[in-house]
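Please find the structures below.
Both complexes below contain subunit A, partnered by subunit B and then by subunit C.
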Partner chain A sequence: MVDFLQQVINGLAQGGIYSLIAIGWTTVFGIVGIINWTHGEIYMLGAYAGWLITTYAHLPIIPSLLLSMVLGAFIAMAVDEIGYRPLRKKGVLAATGFITALGLSQTIRYSASAGFSPNPKAYPVLVNQELITLVSIGDKKITISSVHLIVLFSAVVIMSLLELFMKKTLTGKAMLAASQDMQTLRLMGVNAESLIKITFAISGALGAAAGFFIGMLYYINPMMGALAGLKGWSCAILGGIGSIAGSLVGGIILGIVENLTAGYISTGYKDAIGFMVMILVLLIRPSGLMGYRFEEKV
Partner chain B sequence: MAMLEVRDLNVYYGKIHALQGISIDVSEGEIVSLIGANGAGKTTLLTAIMHQLPYSGTVRFMGEDLTKTDVKDIVNLGMTMVPEGRKVFARTSVQDNLLLGSYVRRKDQTSVREDLEKVYSLFPRLEERKKQLAGSLSGGEQQMLAIGRALMSRPRLLLLDEPSMGLSPILVDTVFDTISHISKTGTTILLVEQNARKALKIAGRGYVIETGQLYLADTSENLLNDSRVKEAYLGG
Partner chain C sequence: MESKKKASAHKTDWFFGLNGTATFFVSLVLILVVCYINNTIKNAVPTYFQHVIVNCLLNAVLALGLNFISGYLGQTSLGHAVFFGIGAYTTACLLKYTGLNFWVSIPVGMIAAALAAVPLALSSLRVKGQFLIVITYAFCEIFRYICINTPALGGNGGLAGIQSPLVFGTKITKIAATNKGGYMILLFLMVSAVSYFTWRVERSRTGYAFHAIREDEIAARAMGINIKYFKVLAMMISATICAMAGSVQAAFATMVSPELFSSAKSIQILTFVVIGGRMSIKGVILGAALLTILPEFLHSIKDMFSMSFDPWTILYGILLVVMMRVRPQGFWGKKDVEAEEEEA
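What follows is the complex of A and B.
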């Protein structure tokens, strides 16, 4: 039992990271109506931005994280401006956006590989590694690593801020309305294009934050966006596409399932079993865990 | 010069010539009703006026040419539409729906709050349900919300697309009373309706369109007594 709980705790930080990626997917899908396949690449570039900033500018963790998020926001807005907006203006985004996204995604991935070299990179130490005891049961302890704790805590803070933004600001409310009916929202005098840019900025900032956190935990490499992007999208579907709360839950579940698999079966099976669990859940609940709502309200 | 001038408006859906050179006017202070059978092109006309559809011809509002103006700027100029079928944001609360209606005036929160109170006094039901999701409202309440949301932009000209659609007779009367009331508070109204008798009764003038063309244009009184209108739209 103690062992099991320990594995669950170990999966939380990774789960929070998946949640951040998933929310980025789900907001763009909900509002712009496209599956933004470059999202994994933005996550990867966010990880490299963090690596550059922490390695060469020697900034502390919070400014580095914020700066990476700002860069991620700009990259995502640039992707929209270059890749999607021209198609949107012609009214062919739904049909052709997928191809553009795949092309852009490959371009970014291999440019990063050329620029940063395909070799993995490691962040400098930003926080002291230590094990914090959460509870002791007899001679057994449940612990969490300080790095995991900081990653998890930061992810929760970022998601709470997003939740506040969506609930309390008129722009956030407009985003929720846009995910329901953009055509009618335009009748309120809302500038759809700026709303879409804000959506990409948020998505990019969250993706970059996820990349930064991964950099704090593991080595980074230019190909890391492929699988993580796919997993993030899957978590978004698992949680119920369009639902921010669903993405959060979906990410945490995947993080925990992967860790339990690694702990009890084998690390080699963790991706396969993670996807299998998601497929099972979707067979039972095709609309995802939190249904089809963009977010839950009273 | 009329407040709204539509001249020789043509709209195509692919090969379908949905509006074939329609011209109408609405002057400040009027209620003008537009009637026509299903598929005549009423919704198309209002949607084109708001520039949510491409068209040829001209639309002028308060002297400004709108042929190159984006819908968001049209709302800013003071023309707002209550779309066909209400189109409230179902997964958004009633109050947030209203606040979204005030989007173009978001910089002026004091007057937004005042207008919120006005809408709530016009529709007390909405105030009782302000925290509820709009999707949980009844059809009549959703129509009130759609009208209230449009009023939150403080329109000079309000376009209404079949506000009585699908409502019980009592609610239909309430909706028409509300429209008269809004008109008396200084908002000009262009009303699209299937309920021709009621629509013409509250209006000063009316237009009848048939299959994308203007068929009749006259005062409401004359239209109500016109044998062609009686036969086709007033049930003989």
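What follows is the complex of A and C.
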């Protein structure tokens, strides 16, 4: 029982990171209507931005996190400007957007691999690693690492801020409306282009934040975007497309399930479990745990 | 080398006034001449080039296989490496554990792939568009993890030491002077057979049904086309063709590894079809040839300038992006895609 709980706790931080990636996917999907295949790459670049900032500029954790989020936002906007906007203008995004995204993500991934070298990199120590005891049962203790705790806490804070932004500001409300019906929103006099840019910026910032957090936990490498991106997408589907709370729940569930799989079944199947969950959810309940029933986008 | 490939492609589109049969014989003679020269004059055709030709033909079979799904049925699949891998692994396991004949293992692999295609086809009835793409991707990844984690399938290292198949008692590798000649002929016949089959399907009742489903599924249903049947059929045809290529790959490389299931392979197969041109038999064969030769060419550039990275991997993505912007129907594709978009 104690071991089980310990595994659950160990999965939380990873789950928080998945949630951040998941939200990045779903915001863009809701508004632009395509799976932004480059999102995993933005996450990877965010991790590298954080690595550059913390290693060479020696900034403390919060400024470097914010700075890499800003960089991530700019990268995502650049991706939109270079990749998707011309297609959107021609009106062929639905048919050609996916292949374009695939191409862009390949280019970004291997450019990063050429630029940063494929060898894994580690962040400098930003927070002192210590085990905090949560409960002790008999002589066994359930602990959480301080780094995990900070990652989880920051992820939840970022998501709450986003939720506030969506609910309270006019831009946020416009984004929600856009995910329902872009056409009508245009008729209401909303500048669709700038709204899309803001969406990409938010998505990029969240992706970069996820990358920064993963850098605090593990080694980073230029190839990590593909798998993490897909897992983020599975969380988004599990939680329900378009729901921030759903993404949080989906991410945490996946993080925990992965850890339990590694602990009780086999470490080899740890990465596969997310895909199985995703296929099952898509086939059984496409709207996910907390999502609204979405219209077919393609 | 080039002329051989071109000729085999023209077979289906009847270029230069040649009809299908004539093009087939011209290219067959060409390939036999290559093998003959190779046998009489030592090193007339470097082994490296022969290797590239075999890969071109192998990829052409895969591209023709995916063409059924991504071309005629209009679904993007990012998991076709799964059928390729299943074919390869079936052959490898049968040859290694039961000592079965290679030629028997090909149909067994095809059946295995066809069975694996059924769940994927059924999910395409429920889930559409981009969600289907992630399902195919995830499906392939799951198979990769199964192969990595099953000791009987060789785990991470895969299975090695697969014996080369026999043709009338002679090893296929001994037919020509270098060990590639036999595979060249075998794969050429395979590409021809699959092209012919595709060409026949294209103009059959089944082909028209695929076309109707691609254009408008609801309308097709209203016309009385059994969507479920045709979707499963297309996926099965596609899977068996890819499995065939997988079996040959296993024998050719004398080993199989979980890398066969990698997403990179799936993406590669998809780009053959997209770059070459959906629904064009000539297009997908030439697309496969182009995207096999081009990376090899760029590898040599990498060696020439002793670069630390492979320029192809970066250019590849840029090529896709530019292609989608300039010519979304592919190099040899029909103008179909654009026309559809304008109507929409």
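Here are some notes:
The rule is short, and it goes like this: the second predicted complex is superposed on the first by the 284 of 298 C-alpha atoms of A that agree within 3 Å, B and C clash if a C-alpha of one lies under 4 Å from a C-alpha of the other, contacts with A are read in each partner's own complex, and residues count from 1 in each chain.
Rule of thumb we're sticking to: contacts are C-beta pairs under 8 Å (C-beta built on N, C-alpha and C of every residue); 3 or more make two chains touch, one makes a residue touch a chain.
As the structure is a computational prediction, the values presented were derived from the model and not from experiment.
When the two structures are aligned on the shared chain, A:269 is found in touch with subunit C, with no touch to subunit B. Counted by residues of subunit A touched, the larger count belongs to C, out of subunit B and subunit C. When both complexes are overlaid on chain A, the residue A:185 reaches subunit B alone and has no touch with subunit C.
With both structures placed on the common chain, the touch criterion links A:34 to subunit C but leaves subunit B unconnected. Judged by the touch definition given at the top, the superposed model places A:134 against neither subunit B nor subunit C.
Looking at the shared chain after the overlay, A:105 reaches subunit C, while subunit B stays out of its contact range. In the superposed model, A:233 lies in contact with subunit C only, and not with subunit B. Shared-chain residue A:92: touches subunit C; no touch with subunit B. With both structures placed on the common chain, the touch criterion links A:176 to subunit B but leaves subunit C unconnected.
Residues 297-298 of subunit A are contacted both by subunit B in one complex and by subunit C in the other.
Considering their complex, residues 170, 173-174, 176-177, 180-181, 183-192, 293-294, 297-298 of subunit A touch subunit B. Chain contact summary for the complex, subunit C toward subunit A: residues 76, 123, 126-131, 133-135, 137-139, 141-142, 145-146, 148-149, 263, 267, 270-271, 274, 308-310, 313-314, 316-321, 323-325, 328, 337-338, 340-341, 344. Within the complex formed with subunit A, the residues of subunit B that make contact are 50, 52, 71-73, 75-76, 80-81, 83, 87, 89-93, 96-97, 99-101, 103-104, 106, 131-133, 149, 153. Of all the residues in subunit A, the ones that touch subunit C in their complex are 34-35, 82-83, 86-87, 91-92, 95-96, 98-100, 102-111, 113-114, 117, 226, 230, 233-234, 237, 266, 268-269, 271-272, 275-276, 278-279, 282-283, 286, 296-298.
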